[in-house]
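Could you have a look at this structure, given as structure tokens, before my questions?
Naming follows writing order (A, B, C and D), and every chain is counted from residue 1.
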Amino acid sequence: MIPDLGIYAVEVTSAYVLSISLLITILVLSLLRARKIRAQLLKVEASRLLNNV
Amino acid sequence: MISLLRRDLTLALRAGGGFGLGLAFFLIVVILVPFGVGPEATVLSRIAPGILWVAALLAALLSLDRIFALDFEDGTLPLLATSPLPLEGVALIKGIAHWIITGLPLTLAAPALGFLLNLETSAYVWLLASLALGTPALSMIGTFGAALTVGLRRGGLLMSLLVLPLYVPTLIFGAEAVRRGALGLDATTPLLMLAGITLFSFALLPFAASSALRVNLR
Amino acid sequence: MSIWEYANPKKFITITTPLVPWILGLAIACLVVGLVWGFFLTPDDFRQGSTVKIIYLHVPAALMAINAWFMMLLASLIWLVRRHHVSALVARAAAPVGIVMTLITLITGAIWGQPMWGTWWAWDPRLTSFLILFLFYLGYIALWEAIEDPDTAADLTSVLCIVGSVFAVLSRYAVNFWNQGLHQGTSVPVVTGGRTISDVFFVPLVICMMGFGLLFFVLVLIRTQTEIRVRRMRAIQLRMRS
Amino acid sequence: MKLIVTDLSVARGGVPVLSGVSFTVQAGCALLLRGPNGIGKTTLLRTLAGLQPALSGIVSFPEEAGAYASHTDGIKEQLTVTESLAFWANIYGTKLPHTVFDAFDLDGLRSRLVGTLSAGQKRRVGLARLGVIGRKVLFLDEPTTSLDRFSVKMFTNWLWNDHLKQGGIAVIATHVDLGIDAPELELFPLRSAANAGGGSDEFFL
């Protein structure tokens, strides 16, 4: 099933690997940052309720 | 408006740093290049237009952040903002002042340095023309960059990062005009484009610069 | 529900949170289908051999890189005109995604061109204009990071984005002027609508484009939500301190 | 010639600082702003002068009549005293009134470079600028910092005789007792509540 990539196999695969890994990194970084900030926000909101109460 | 220009020029003259700084830097960069590239005349003459233009660009960039920073620190900017002189006028005058202090000397000194890089004789006219048309654009775009970063801590470095991409069209057309001049080809189209960029910058960028100033004065 | 409903950040979050998983799933599906189809099932090009398969990454990424900048331009204009807080944050959120798309375009473009041009980087005009776009993105993100007060940052970056767009388009044509260009003609000329590539290559390409578009959209949504939460934290802390 | 401020609220860095500020200053009168440091005196003065937008409320005074001056008053070291004042006169399109030199006791320093003056003398040149620009409504932020007692007296004389007597208006934020009888506005009660609305951050709360 693997297609015969001919003499340019290295180029094509490296392009795909590099690009897909870049996409995955930006996705993972964004999701991690989202979770981290969401956690911090909950902590800040909790402390805010404490102060106002 | 003229009084602001006159004051800026007298300040630059008296402070001493103004005129000499840009010119000295331009001289040093052009002289350094052969040490890096090697003395072969053919190589040097081929890259001379590019070197002269990049050196002129860097020299203009060097003295940009002083445009607003001095007035920002000693409180002149808020006073100018509340004066009858519109901020757009202030930005325009600062651009012109920067050009007279840095751009003009560069343009006049460039042919002399052309000899160092043994530029083709036919290119000197085009070098003068392209610098005369291009350096005002460098000053005005730079003034916009300076206005953007006037209040920031390490604004100087950030300003270079913001301004250099904006310089690319001017650099391309400027160096292209000189290169075509050197080869004896007709260089009017790049010169026209260069003049277009300069006129565009002087027409619209003062508004962008003044809105950035207004935000930074808040 | 008019677009200005999204002005309220809290409402923006409540509306977009349920959408994110769906769009993400759809984006990944499109990408997988498009790339697999393009990589495995399409024949080689007689001239370029298998390197033509890079088209499925290069063209969509390039499209997204340019659209990202124009979306940021639109968001900046909305911010300047309507003081619409979310649109300023959308512009800030889109920049890193845009810069990744530009990076992918540069890498795939260089790799794709290497066999034909003989060098890894041949200063081809179209690739070079993406290099310049990369510098614009860098400056834009750096300006956002350099300013503490969010409102000042939003104003200044909007002005930079508007001026930058004009000079980016200018550079696009200056670069063409500067080097005749070895780039392949546009594969999908939007204006003329005609196609220079045959059907068998075309369908996976469109799927890949949808995949990249959806991925870009969901990334911007996620990052915008995060920016809103950062602003919310800052606001609460400021109020608690004062 | 009146300065009317109705229900003004100002913010600093997106957080409301003062709200509900209302007062009217008739021609020939001054208003002293009192309040602890950081209450928002400078922010209020900058908003009145138009350097920054207010959150809400209206500030009304005749067009092109306002002028702002803070203790950093834009003195260039390399210009002489006359050149500095002439510059500001040109900018504001007024003639350089020679009375201002003796009003601020700068007569002997006319051709001296500002860089060679003492701190007190520099401040007097800064304040002399107010006399030169001929603006009726002045917003002064701590005008008397680093001024010796004698200079403060001179400034108040100028303010009283050459400005207020001629129908001028002045809003001054200061801790020093200027010795002129003018109403005072205590800003402490006007500071915004912790959760006051209107700040650009309010969207995010």
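By our rule, a residue touches a chain if its C-beta (ideal position, glycine included) is under 8 Å from a C-beta of that chain, and two chains touch if they have at least 3 such contacts.
This structure is a prediction, so every number in the text was calculated from the model and none was measured.
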- Task: Can you pull out the chain pair that has more C-beta pairs in contact than any other?
- Result: A-C
- Kindly work out which chain lies most centrally, taking the average of its C-alpha atoms as its position. B
- Query: How big is the gap, in whole Å, between where the Cα atoms of chain A centre and where those of chain C centre?
  - Reply: 16
- Query: If you average the CA atoms of chain C and of chain D, how many Å lie between those two points?
  - Reply: 49
- Query: CA centre of chain B versus CA centre of chain D: separation in Å?
  - Reply: 37
- When centres are defined as mean Cα positions, the distance from chain A to chain B in whole Å is 41
- Note on the structure: Touching two or more other chains in chain C are residues 232, 236, 239-240
- In chain A, what residues contact two or more other chains? none
- Query: For chain B, which residues are shared contacts with two or more other chains?
  - Reply: 218
- Every chain pair meeting the touch definition is listed as A-C, B-C, B-D, C-D
- Message: Under the definition above, what is the set of chain D residues touching chain B in their complex?
- Response: 46, 49-53, 64, 66-70, 72-76, 78-79, 83, 87-88, 90-93, 129, 133
- Task: Going by the contact rule at the top, pick out the chain C residues touching chain D in the complex.
- Result: 7-9, 83, 85, 149-151, 228, 231-232, 234-236, 238-240, 242
- Item | chain C residues touching chain A - in the complex, by the definition given at the top | 31, 35, 39-40, 44, 49-51, 53-54, 57-58, 61, 96-97, 100, 103-104, 107-108, 111-112, 114-115, 215, 219, 222-223, 225-226, 229-230, 232-233, 236-237, 239-240
- Message: So in the complex, the part of chain B that touches chain C is made up of which residues?
- Response: 144, 148-149, 152-155, 158, 161-162, 164-166, 168-169, 172-173, 176, 190, 193, 197, 200, 205, 208, 211-212, 215-216, 218
- Message: Using the touch definition from the top, list the residues of chain B that touch chain D in their complex.
- Response: 2-4, 7, 10-11, 14-15, 71, 73-76, 78-85, 217-218
